[in-house]
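There are structures below to look over.
Next, two complexes with chain A in common: one pairs it with chain B, the other with chain C.
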Partner chain A sequence: MSVIILGIESSCDDTAAAIVQDGKVRSNCIAGQEVHRLYGGVVPEAASRAHLSHIVPVVQQAMEQAGVALHQVDAIAFTRGPGLMGSLLVGVSFAKSLALSLQRPLIEVNHLLAHVASNFADPPMPNFPMLCLTVSGGHTQIVQVDDYLDMRPLGQTLDDAAGEAFDKTGKLLGIEYPSGPLIDRLAQQGQARFAFPEPQVPGLDFSFSGLKTSILHFLQKHTAANPDFVKQNLPDICASVQHRIVTILMRKLEMAAAQTGIREVAIAGGVSANSELRRQFQQAGQRLGWKVYIPRLEYCTDNAAMIALAGYFKYLRGDFVAHDVTPMARWSMV
Partner chain B sequence: MREPLLLLLETATEVCSIGVARGRELLGLQESPPGQDHAAIITLYIEAVMEQAGHALAELDAIVVSDGPGSYTSLRIGAATAKGICFALQKPLLAVDTLQSLAEACKALAPGCRAYCPMIDARRMEVYTALFDEALRRLWDTQAMVLRAEMFQGVPNPVAICGSGAAKALPLFAQGGVHHISLKCSATYLIAQALNAWHRQDFQDIAYYVPMYLKPPNITIPKPRISPA
Partner chain C sequence: MQDQNTFTYDLRDIAAAAEFVLAKAGPRKVIAFYGGMGAGKTTLIKAICAQLGVQDITASPTFALINVYAHPDGHTQVYHIDLYRLRHLEEALDIGVEEILYKSADYVFIEWPEILEPLMPEDVLRVHLENLGDTQRRMGI
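Let's look at the complex of A and B:
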C-alpha cells in the first residue's frame, strides 16, 4: 500500500513543503525570503511574518507538483526544531490544524536528523553505520548514523556554525548575505595565502568564534596600513578563509572516521554546496578509502523533502505525536 | 436562511479563547487561564468546542480570527491555525477587529459611558488602543500609544477602559471620570462583527491574510566593524 507524507519546514527563513510517496520525493517546494538580504542576516520577526504569507501557497504548490490531493495524504510531518521559535510556530500551528482537519496523524521531525535523512532521497543509499557531517548556517555536527532514525552526534560546534563563519566573514568584507556562495565564487579566483589559526578544540567538537575574531583583527590591521587592502585582495582573503573553515571541518571528520572505523561518509546541510568542501571531501574519500555521499543541492539547503523523508521513516514505525506538541528552539537529536 | 456555523479563534492576547457559534448562539467555548502556551492547546480546544457543539469541522461555514492588534506571536498562531483549517476544508476566513470587539463587550457591561477605550497590553507603558463614542463610532484610529495622564483630555466622560492594558493605565487617571471595566478578550465577543462580515461576504484571502501588526519588525542595523574599502 502506498504511503504519502506531506512535509512542512519553517525553522529559519525558508518556508518549504514537499510530498514523499513511499520514500520517493514527489515534490519539493521552497519560498525563500528576500527581506533578510537587506539586513545582512535573518530577522526573526520578519521571517515569522513571511512564513505566514508563504505557507498556504507553498503547500498548495507541493500538492500540485506531486499531483496529490490533500485527502490522499496519510500523515503530516513538520519541523519541531531546532530553529527560530517564531518561525517554527507558524509551521507547527499550520501542520496541526491541517492534521486535525484531515484527521491524519502528526509526525514531529528534528531538523538536524532530517538533514542527515536527505542522504536517503536518491540512490545510491548509504550503508549503516555511516558518518554524516551536517554543516549549515545554523548547525555544525558530526553524527553517527546506525539506522534511518537511529543516530547520535559525536561532535558539534561549541559556538558559531560553519555557515555562520562564512556569513560573518562576508559581513566584514561587505559581501551580501547569504555570503557563502559568493565567497566560494571569489575564492576560486584567489590563492589561500593568508594563514588563519586553527582552533584547538578537544575531541570532535568545533569552534568558529575565535576564527571570526582573528579574521576581524587581520582585516583591521591590514586596512589600517592600506585602506584598499580588502578591495585589492578580496579573492585571496576569501580563498584563505574558506580554506581554513573547510580544513577545520575535514580534520574533525577524518578524526571521527579514524576513531569509529566507519568508511561510509556523507555530508549534508547548506554548506555542503561549497566547492572547496566537496573537493576536500572527495579527496579524503579517495585517500582514506571512504564511500562518500553528497545529497543533491536542493536537498542540502533547508527543504521539506528531508522533513517528509524523515517523516516517512517515522510513519513506518508508527511514531506519531499528540496535538499538545509545541516547537523546540533547541532540540538535540537524542 | 439558516444562520452560519462559525469557529471563533481569539488569540490576540495571553488568553487563548476558542468558541463555536450558530449565528448569535454560542454552542461551545474553551478559554485558557493567562500564560498558557497557545500553541500547545489551540487544536485541542478546537476539538473540544466542536464536540460541545455536536458538529464536525467539515460542517463549519467559516473560520473567524481576531485580527489584532495584539501579541505578534499569538496572533500568528491563531492565523496559521485558521489557515490550516480553511485550506484543508475549503472554508472562508473572516477577520474581526479585536479592539472593536472589546469596545462592544465593554458597552454591554457599562452602557452609560460616553466613550469606550479598549486597551491591549503592548509591554512597558505602551498599549494598542482606539477610542469609540457612546454609539461605538470610532474617534481614534487603532494605534500603539504610550499611556499618559492627559490622554483623555477633551474626551467626554465618563470613559470606560478595558482589556489587558487597562489595569496598568488606571493609576494615571486618579482624578475620576475613568472607569475600569474588567474584561478579557474572548471568542464570544467576536460573534457580532463576524456575523456582519459574513453577511457582507467580507472574506479574507486565505493565502495572504496577515493580522494587524500595526508596526514593522523592530530592526537595528549594526555599524560596519572595519572601514569600507
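Let's look at the complex of A and C:
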C-alpha cells in the first residue's frame, strides 16, 4: 500500500512544501524561488506575512509537480519548531486546517531532526548508528543517530552558527548577505595563508564568536597599514577564513567519531554545500575509513522534503499529534 | 576607567560587566545593546542570562532572529532578539517584536536595535559597547 505524505516547512525565511511517496521525494518546492518567479513580487525577509501569501501556491505547486491530488494525501507533516514563532504559526495553522478538512492525521516534525533525515532521501541508506554534522545559518551540531527517528545531539555551538561565521565575515569584507557561497567561490582562487586561532572549547561543542573577533582585529591591523589590504588579498582572506571554519567543524566531527567509534558519518544543512567542507569531509572519510553521506544540494538548505521524509518515518510508527498542537519556538531534538 | 555610567572590562571578567548592567537596569526589563560586529553584544547577553540563572544554551539569534529562554522563576521568559538581518521597522513588526517589547514581565535583550528606535519603550536601557582590542571592552550606559 502506497503512503503519500505532504510536508510543510515555514520555520524561518522560506515557505516550502513537498510530497514524499513511500519514502521517495516526488516534489520539493520552495517559495521565494519557483513561486517567486511565477507570481512575482517582493519577498520581505522573515515576514510571516510572506509565509501567508506563499503557503497556498507552494503547496499547490508541490501537489502538481508530484501529480498528486489532495484526497490522495495520507498525512500532513509540518515543522513544529524550533524557529521563529510568527513564521512557524503560518505552517502549523495551515497544516492543522488542511488535516481537519481532509480528515487526515497530523505529524509534528522537529526541524533539526529533519535536517538529519535529509540523508534518507536517496540511496545508499546509512546504517545505524550514524553521526551527522548539521551546519546551517542558524544551527551547528553533531548528532548521534541510532535510528531514523532516534537521535541526540552530542555537541553544538555555544554562540554563533558556522553559517553565521561565514555571513559575518562576509559583512566585514564587504560581501553581500548571504555571503557563504561567494566566500566559497573566492576562496577557490586563493591560498589559505593567513592563520586564525582555533577556539578552545571543551568536548564536542563549538564556538565561532571568538573567530569573528579575531578576523575583525586582523582586518583592522592590516587595513591600518594598507587601506587596500582587503581588495588586494580578498581570495586569500576568504580561503583562510573558510579553511579555519571548516577545520573547526571537522576536528570536532573526527573527535565525535573517535569517541563513539561510529564510522557511518553524514553532513546536513545549508553549509554542507560548502566545497571546502565537502573536500575535507571526503578526505577524512578516506583517511579514517568512514562511510560518508552528503544529501543532494536541494535537501541541504531549508526545505520541506526533509519534513515529509521525517513525517513518513513517523507515519510508519503511527506517531501522530492532536489538532490542538501549537508551534514551539524552542524545541530540543530530545 | 570606571565611573557611574561607563565600565571597562576584560572578557575574563564578563560576569562583573553583566552584574553592572543588571544593577543599572533595576526594574527595567528591556535592554538594547549597541555596537559593531565583534563588540561583544552576544557574549555580554550570554553572561547576563547566566546571571539571571537561565539554563538553556544561549546561542546567537542572528539567523533565528528571536531566541526565547525559560526564566528560572518558571513563568516568565527571556527574549534574546537580534535585528541584524532586518532592514526595516516593518519587518520587525512582522515577526512580532512589538508584542514582546510591551509584555513587561519578560526580560528583552535586543542586538542591532537601531531600526527599532521609533518603537522603543521610553524606559529602555541603552548599552553601548566598544571593542578596545583583544579581550578589552568598554561599555557606556
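Everything below uses one rule, namely that the second predicted complex is superposed on the first by the 320 of 334 C-alpha atoms of A that agree within 3 Å, B and C clash if a C-alpha of one lies under 4 Å from a C-alpha of the other, contacts with A are read in each partner's own complex, and residues count from 1 in each chain.
The criterion applied here is as follows: a contact is a pair of C-beta atoms (placed from the backbone, for glycine too) under 8 Å apart; a residue touches a chain by one contact, two chains touch by 3 or more.
Given the structure is predicted, the values throughout are model-derived calculations rather than measurements.
In the superposition on chain A, contact of A:Ser209 is made with chain C only, not with chain B. With both structures placed on the common chain, the touch criterion links A:Asp160 to chain C but leaves chain B unconnected.
In the superposed pair of complexes, A:Ala69 makes contact with neither chain B nor chain C. In the superposed model, A:Leu172 makes contact with both chain B and chain C. Contacts of A:Arg49 after superposition: both chain B and chain C are touched.
When chain A is checked against chain B and against chain C, the one touching more of its residues turns out to be B.
Legend: residue contacts after superposition of the two complexes on their common chain; A:Gly86 is shown touching both chain B and chain C. Look at A:Pro327: by the touch rule set out above, it reaches chain B but stays clear of chain C.
Look at A:Cys12: by the touch rule set out above, it reaches chain C but stays clear of chain B. Once both structures are placed on chain A, chain A residues 45-46, 48-49, 85-86, 172, 216 are touched by chain B and, in the other complex, by chain C.
Of all residues in chain C, those touching chain A in their complex are 37-38, 40, 42-43, 46, 56-57, 59-60, 62-70, 85-88, 90-91, 94-96, 131, 133-134. The touching residues of chain A, counted against chain C in their complex, run 12, 44-49, 82-87, 136-139, 156-161, 163-164, 167-168, 171-172, 177, 209, 212-213, 216-217, 329-330. Remark: chain A residues 39-40, 43, 45-46, 48-49, 52-53, 55-57, 59-60, 70, 85-86, 89-102, 172, 174, 216, 219-220, 223, 227-231, 323-327 touch chain B in the complex.
If you check the complex, the residues on chain B that touch chain A are 37, 39-44, 46-47, 57, 72-73, 76-77, 79-85, 87-89, 206-208, 210, 213, 217-219, 221-222, 224-229.
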